[in-house]
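Everything below concerns the one structure shown next.
Labels run A, B, C, D, E and F following the written order; every chain starts at residue 1.
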Amino acid sequence: DRLFFSATHEEIKKGATTDIYFIKTMEILKYMGLENTDVVAEVFPRKAGIMCGVEEVLSLLKDKNVEIYALPEGERFSPKETVMRIKGPYGEFGIFETALLGILAQSSGWATAARECREAAGDKVMICFGARHVHPAVAPVMERAAVIGGASNASCILAAKLLNRQPSGTVPHAAMLIAGDTVSVAKAYHEIMPPDSPRIILVDTFKDEAEESLAVAEALGKALEGIRLDTPSERGGVTRELVYEVRKRLDQKGYNYVKIFVSGGLTPERIRELSEAGADAFGVGSYISGASPIDMTMDIKVVEGRPVAKRGRIPGIIENPRLKKIK
Amino acid sequence: DRLFFSATHEEIKKGATTDIYFIKTMEILKYMGLENTDVVAEVFPRKAGIMCGVEEVLSLLKDKNVEIYALPEGERFSPKETVMRIKGPYGEFGIFETALLGILAQSSGWATAARECREAAGDKVMICFGARHVHPAVAPVMERAAVIGGASNASCILAAKLLNRQPSGTVPHAAMLIAGDTVSVAKAYHEIMPPDSPRIILVDTFKDEAEESLAVAEALGKALEGIRLDTPSERGGVTRELVYEVRKRLDQKGYNYVKIFVSGGLTPERIRELSEAGADAFGVGSYISGASPIDMTMDIKVVEGRPVAKRGRIPGIIENPRLKKIK
Amino acid sequence: DRLFFSATHEEIKKGATTDIYFIKTMEILKYMGLENTDVVAEVFPRKAGIMCGVEEVLSLLKDKNVEIYALPEGERFSPKETVMRIKGPYGEFGIFETALLGILAQSSGWATAARECREAAGDKVMICFGARHVHPAVAPVMERAAVIGGASNASCILAAKLLNRQPSGTVPHAAMLIAGDTVSVAKAYHEIMPPDSPRIILVDTFKDEAEESLAVAEALGKALEGIRLDTPSERGGVTRELVYEVRKRLDQKGYNYVKIFVSGGLTPERIRELSEAGADAFGVGSYISGASPIDMTMDIKVVEGRPVAKRGRIPGIIENPRLKKIK
Amino acid sequence: DRLFFSATHEEIKKGATTDIYFIKTMEILKYMGLENTDVVAEVFPRKAGIMCGVEEVLSLLKDKNVEIYALPEGERFSPKETVMRIKGPYGEFGIFETALLGILAQSSGWATAARECREAAGDKVMICFGARHVHPAVAPVMERAAVIGGASNASCILAAKLLNRQPSGTVPHAAMLIAGDTVSVAKAYHEIMPPDSPRIILVDTFKDEAEESLAVAEALGKALEGIRLDTPSERGGVTRELVYEVRKRLDQKGYNYVKIFVSGGLTPERIRELSEAGADAFGVGSYISGASPIDMTMDIKVVEGRPVAKRGRIPGIIENPRLKKIK
Amino acid sequence: DRLFFSATHEEIKKGATTDIYFIKTMEILKYMGLENTDVVAEVFPRKAGIMCGVEEVLSLLKDKNVEIYALPEGERFSPKETVMRIKGPYGEFGIFETALLGILAQSSGWATAARECREAAGDKVMICFGARHVHPAVAPVMERAAVIGGASNASCILAAKLLNRQPSGTVPHAAMLIAGDTVSVAKAYHEIMPPDSPRIILVDTFKDEAEESLAVAEALGKALEGIRLDTPSERGGVTRELVYEVRKRLDQKGYNYVKIFVSGGLTPERIRELSEAGADAFGVGSYISGASPIDMTMDIKVVEGRPVAKRGRIPGIIENPRLKKIK
Amino acid sequence: DRLFFSATHEEIKKGATTDIYFIKTMEILKYMGLENTDVVAEVFPRKAGIMCGVEEVLSLLKDKNVEIYALPEGERFSPKETVMRIKGPYGEFGIFETALLGILAQSSGWATAARECREAAGDKVMICFGARHVHPAVAPVMERAAVIGGASNASCILAAKLLNRQPSGTVPHAAMLIAGDTVSVAKAYHEIMPPDSPRIILVDTFKDEAEESLAVAEALGKALEGIRLDTPSERGGVTRELVYEVRKRLDQKGYNYVKIFVSGGLTPERIRELSEAGADAFGVGSYISGASPIDMTMDIKVVEGRPVAKRGRIPGIIENPRLKKIK
């Protein structure tokens, strides 16, 4: 009995996620004796963004008789720039068009949003907290794309493992709510975590953020790495003024080594604002994980050596010296 | 060797896609002797939408010692309405928060967009063509959500199988480009397809749409179910006037039984316009598959019988008579 | 030695606040033998509003040989409606034009703003807290105008005395800051105030508003009339969600008799929002006291029985059956 | 029997215009034995502007045991800049908070508006004609603030006296309406005024402004200092074109020494326009006198040497080297 | 030697104003033996409007072997409605397409603007004063179209003659400027005009409009039909307030029989405003004469009995029961 | 019997298109003995533009006893700049004011619009195709004004003749519709036209523009000068992408010598866009011919040597060194 509706690696590999019309296309072409027509296909995006997903495309086609040229992951592309070119018999790769475009479109969408956050955060820590907004089957795909785009780290376990890293994260409101108190959770956390695991404590659960920040700082002393502000929108969210005030109040009590980590509805614009106000690190959720895919189109541009194109497109390949041969 | 970065069903089931901080929370609670604290948690959305993902959540928690209440899939929810309630020892489900919220957030986002298209299309056929914009691992999840939201059918093979249906779709530009001609592909298609498979032919590849529509109608006669207009944006896209003109020109030649299927950048507003102008069926891509997840939040509201809440939320459960006990 | 730059009652009465050109006018008219020309002058406003200031105008002219007709205080006027008419020798009142228009313009501006707040507050308590935005010389004039416009009460001592009332108000942040704690101030307040003085305690000085509300309610029990929310803009101000949450948390602990009083940047629109969210009373500051005067113009319309007017105005009086003879 | 509702100097001085809650605060603090707590309070504005009112604040507190530091009158302040600091036992000045803030808020509002007009007028004459829009009790306060902000002079008698000047002004429409003619009033004015009093005649009462300007110029010859254009809004107000035309027509007849004084609904923008078109002097009314107060806040920042602050503010004083010790 | 560049009636009639490409078309069709192909052509507008120009089209084609069906002049048409249909050998009318469309486009544009003014003016007099904005060759065409659209009369001599009317108009500023005075011109006008010619005098040349209106009324007594307000934009134009005031001042002196005629930059919106304020008649210039032509298109829809159309249009005639056979 | 409502040259010359009030003015002035008053009149425009119509004004007044100074045709004027000055007895030219202003207003309006198109087109060909939007009587006036403004050529026969040129133009949709095919018309055109007449063929009548362009290029070979794109708005109009694609497809087949001529709703902005995309020539219709006249005003500024002016204007002439004496 199937647990989830997500496709397994094997289903993807054998083409089960293909749109039916590519299957029909193959049947017709076979009937017309054209299934092994030699073609060149090109992929282009509709908008500017950051390239991501190439490694998975290579897995998808690795045992097929095709040449593949692609823009490297992490590079910036322009609208309508050729980002991938595939040469070979159409029958070798035709049915993978749906999967291939989906991989590139969604990963590039996530990587692009992460890049915008990175540019806003400058050299400061910026972590992807977006796993809770996407299906768990793609959570690690999304977090990997975020890291390629510029996130400092991933927070979900599997993504971190795929990236050969330790995942980032502290404790959520749930711990405080069950324990009934922030300071006792902070102390327990400090007690049991390995020494190299940073002590960052969430301070907005029950009490005023400034009050709780000082209480936690007093309880953990020099061991405290930072506090996290995640004020809910119902209470005005995390504002510039709140960050500035907490910074000042910590400094006045001698806790100038305590970092301020912020989260909750962050966007590049809010990252800039809060960074200026004194925030040291950022946890970004839906801005990255809810980013729309960047629509990708695959066009057949050469058929048996002849340039072709449908109406609206230019026949023949469109040169791009930035493409690398990857297969 | 791993083919793709997407999580397998087993990885999801055992919590590998969980944010690390839920793991840490469990460690702390154990240290404090609180891991089996009896709690009630509630999930609420930030925006209005259509509920989807409940069946997968049930799979996720089916062998856990918890009670679950949920809004049925396909029902409309309001902002901040309680859509799911889980009762039981926190240790039974705490680490699944990330996966559970991700399942609901993304599926509900897709179902909600599909519902908007359904309302625009009225009783006409409206198919999801969006698989090419998402990672293949979630393509069937997305298409199933679209059907729950109101799409007439799915186009990817696996999604159709999971829904116990035949997938929808005809042939793409690729077939015409390789064959070099639309009419010969149409004839081949007619030749080899089973009688109950509808003949719908794409007519904008090489020639004027009106000209090609008439040529295809002449070639296939009464066998032709419909033509598909998918004019690229570079040529002005599919407009009201184009649909109206093709309809009139088909009718004037006696082809009033030929349906007009439209696709390409459709939105609810464009569906309404083109439907008025005479379109009979709609293929919707990125409007559904690129829909943003609907942010879901899980709050612990009762701890050992006591109402609790973090700042900004109301302590205790929020009644909702529309919830059904599903476990 | 003069303490303040504000005019004394005697200075006003003898015309010392008159624009110099009215003095010059009298000199010229005397020189031309026209100082006792019989005239009718009319006053009209430029915008719609609420009439206020008539009683002071009567004081100004009470020993002059003129007839005065005026719209009663508290009534609504339209743009260009005649709100006052003065008949008599020009020499009797000419030099008081500046003072008379100033009295009407500013009091009507304040009364009009208060009326808008009253309409937003419905039957709930709405107090003017605006004295701190105007010069103390006019603070009681302003608060009286606010009460005529619809405020439930005044907060400055002199205004209340002139209106034969007890002024409204509790204690400001200063008391808590000096005492270092909200609950001890609340207890002292309860200790020393006469029984009929309502116990309303400000709860946002040091701690989270919900936390402090419950602490104060516990400390004062049934004696507590209400709490006041005045969250500063740096912390997001008083929001709908905050009012709703504090209401719910008070109710859950059995303090449903405790009223919620709100203040801080209130406008008619915010009064409506917060009232819907559960606020019981409103303290309005700059919306009333910072209201612009309503420009008033006095025109001579009849000279020795002949209708006259400058360019742009209609010669002769403009009838208004709502005017009452007041002198 | 009281003539007006405005507070007398004595009432202000003894605290009668204080909000009741400061009185209650003192009672509570006394009860708690804290009335002589040593504090530092700071005042800051919400918006940028021009400082005004310091001299009256000094009068208010001159016999109290406090130190006062303030930004000098006429200087520009920024939002949230410390503009005044008071040190001493809270009991010495606490009840004067309402009056002190009101003095600063309203005077600074007026001075700020006057400064904007000054900047628009450059080196040309700009007089405050706004007394008719405010209560006569504050008319001299307002005109003094306008002069501090940059007005060339005041028009009300008492304000001029307080500033040791001669008030500015000519004759209003009333004189012409009573006399029935502009030229005869102009001649009478010339006859009786001392030689050093400038002859500026209002020319829009009965006839076309250009026609009347020439008639008045002919009647008074070299004695005419200027004409005043005050065309009512019903006749299109004073426009650039009107000023330009009157200037040209005066010049063509040899009256190039006659100045053009304009008034009626002037704003900084209109001052700039009309100045370019040839206007030589400006009478500004409601833009100055109807300016909203600039909200001022007083915070206790130090209590017995300890930095304190309510939520949203930073504990301790905020240094400002521009403050001068004034007491 | 030619005086003007405008085409004579004979030049138009023989096709000299035809676009050269229609001439070339005829040559090619002759060469292909197709010049007498039987066709049906239809004319449609791009926007809604009022039909005008039919009579001239009939003149253009009256000796050609064609049938013509047209919407009657003065009727309202919708966008894309068939407003004219021509049947016959293409050679009979092909070269007249340019002239025919130009006649309809421009006359309908003018008639449509006049209709809007008529609707704004209700039953009041509304005259076209627009001849000064168009080339004299088309001034009578424009004024005739205005009358068909709804103008009460024309002001140019030739237009009036073609319409069998007396032209409307009084005297312009030039007469007053030369005579140096308005009243003396008014008297001379009254002296020499035939009794049935209405006495309407322009009153804004030298003096205030209200003053001059009364002077003219006094001079002409019962003989005065009306005064005309045409205040230039430099003096604020004719405003609602000016019309209202002049009306009141005339009435107060017993001249309630004197009409108020307004002109100068009138639009439908201003006609409505001024009509409400008391204006009795309107002289409209550039709103009518500067109206853009309504783009008309002629399509060949039937060729030798077969429906045809270029891309974007529907083959065959588009029925319209409102067409009348006119030839 | 009169064929058209347009005025003949003789009617214009003898004043028949004059507004009746100029005739009345002459009668009054004669009655007052003022008809030969010596005056100077000046004409000024309300907006900036390009001067046109001077030659016709000269024809209008050539046998009158006046001096005329004018800005040369084709020069740019500013708002309110003096563009023409006439000196002489008023009786010599007074009645021609209507005609003179109409000539200048409309021709300058057309020339101004053409200049904007010229600036957008740079050095490329830009032809006026606007005759079909104006009455045939003024079609040659309009096309001449367009050429003065900057159009490369005229398309109507008479205009070209007046300008001593060959008119521009190819064949319209009508020829293709009658012949039933584009290529055969292209061939016939090539057959019969003189060798120096450029072969430019319209390609959007029946088929896809790119397809038809290639078919025509193949049929005519090196003889083909260009193709014309005139895609109707119902099919998205001529877009940047269409021009770019047709250019590329022509080049790929070796037809890089074939020019792309565009038409249909062109504006300066669209000319810029399409020029960038590769268009070589532009046919502009309603943007030029539907341009509003530029309102011109004639003021009498000197009467018998005395500067005069109506209210709102400056008495006396306004110098302009750019005027040339033309009579």
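Just so it is clear, contacts are C-beta pairs under 8 Å (C-beta built on N, C-alpha and C of every residue); 3 or more make two chains touch, one makes a residue touch a chain.
Keep in mind it's a predicted model, so treat the numbers as computed, not measured.
Chemist: Chains touching chain D and chain E alike, please list them.
Modeler: Correct list: C, F.
Chemist: Going only through chains that touch each other, how many steps at minimum separate chain B from chain F?
Modeler: Contact-graph shortest path, chain B to chain F, evaluates to 1.
Chemist: Could the interface between the copies chain B and chain C be described as same, meaning over half of its residue numbers are common to both, or is it different?
Modeler: Under half shared, hence different.
Chemist: Using residue numbers, check each pair in E-F, B-F or B-C against D-E and return the one sharing over half of the contact pairs.
Modeler: B-F
Chemist: State, to the nearest whole Å, the distance from the C-alpha centre of chain A to the C-alpha centre of chain B.
Modeler: Between these chains, centre-to-centre, one finds 21 Å.
Chemist: Provide the C-alpha centroid distance between chain B and chain D, rounded to the nearest whole angstrom.
Modeler: The separation of the two C-alpha centroids amounts to 65 Å.
Chemist: Let me have the rounded angstrom distance from the C-alpha centre of chain C over to the C-alpha centre of chain E, please.
Modeler: Once rounded, the distance between the two centres reads 58 Å.
Chemist: Indicate the whole-number Å distance between the mean C-alpha point of chain A and the mean C-alpha point of chain C.
Modeler: From the centre of chain A to the centre of chain C is 57 Å.
Chemist: Considering chain B alone, which of its residues make contact with at least two other chains?
Modeler: Chain B, residues with two or more chain partners: 206-208, 233-235, 241, 245, 311-313.
Chemist: Taking the top-of-page definition of touch, could you list the pairs of chains it picks out?
Modeler: Touch list across chains, by label: A-B, A-C, A-D, A-F, B-C, B-E, B-F, C-D, C-E, D-E, D-F, E-F.
Chemist: Touching residues of chain B toward chain C in the complex: what are they?
Modeler: Checking each residue of chain B against chain C gives 307, 311-316.
Chemist: What part of chain E is in contact with chain D in the complex they form?
Modeler: Residues of chain E touching chain D: 206-208, 211, 233-237, 239, 241-242, 245.
Chemist: Could you list, by residue number, the parts of chain E that touch chain C in their complex?
Modeler: 208, 210, 241, 244-245, 248-249, 252
Chemist: Taking the touch rule as given, give the residues of chain E at its contact with chain F in the complex, in rising order.
Modeler: Interface residues on chain E, with respect to chain F: 2-9, 11-13, 15-25, 27-29, 31-32, 34, 37, 39, 56, 59-60, 90, 94, 97-99, 101-103, 105-107, 129, 131-141, 144, 155-162, 167-180, 184-185, 188-189, 191-193, 204-207, 231-235, 286, 289-290, 292-293, 295-296, 299-300, 303, 308-313.
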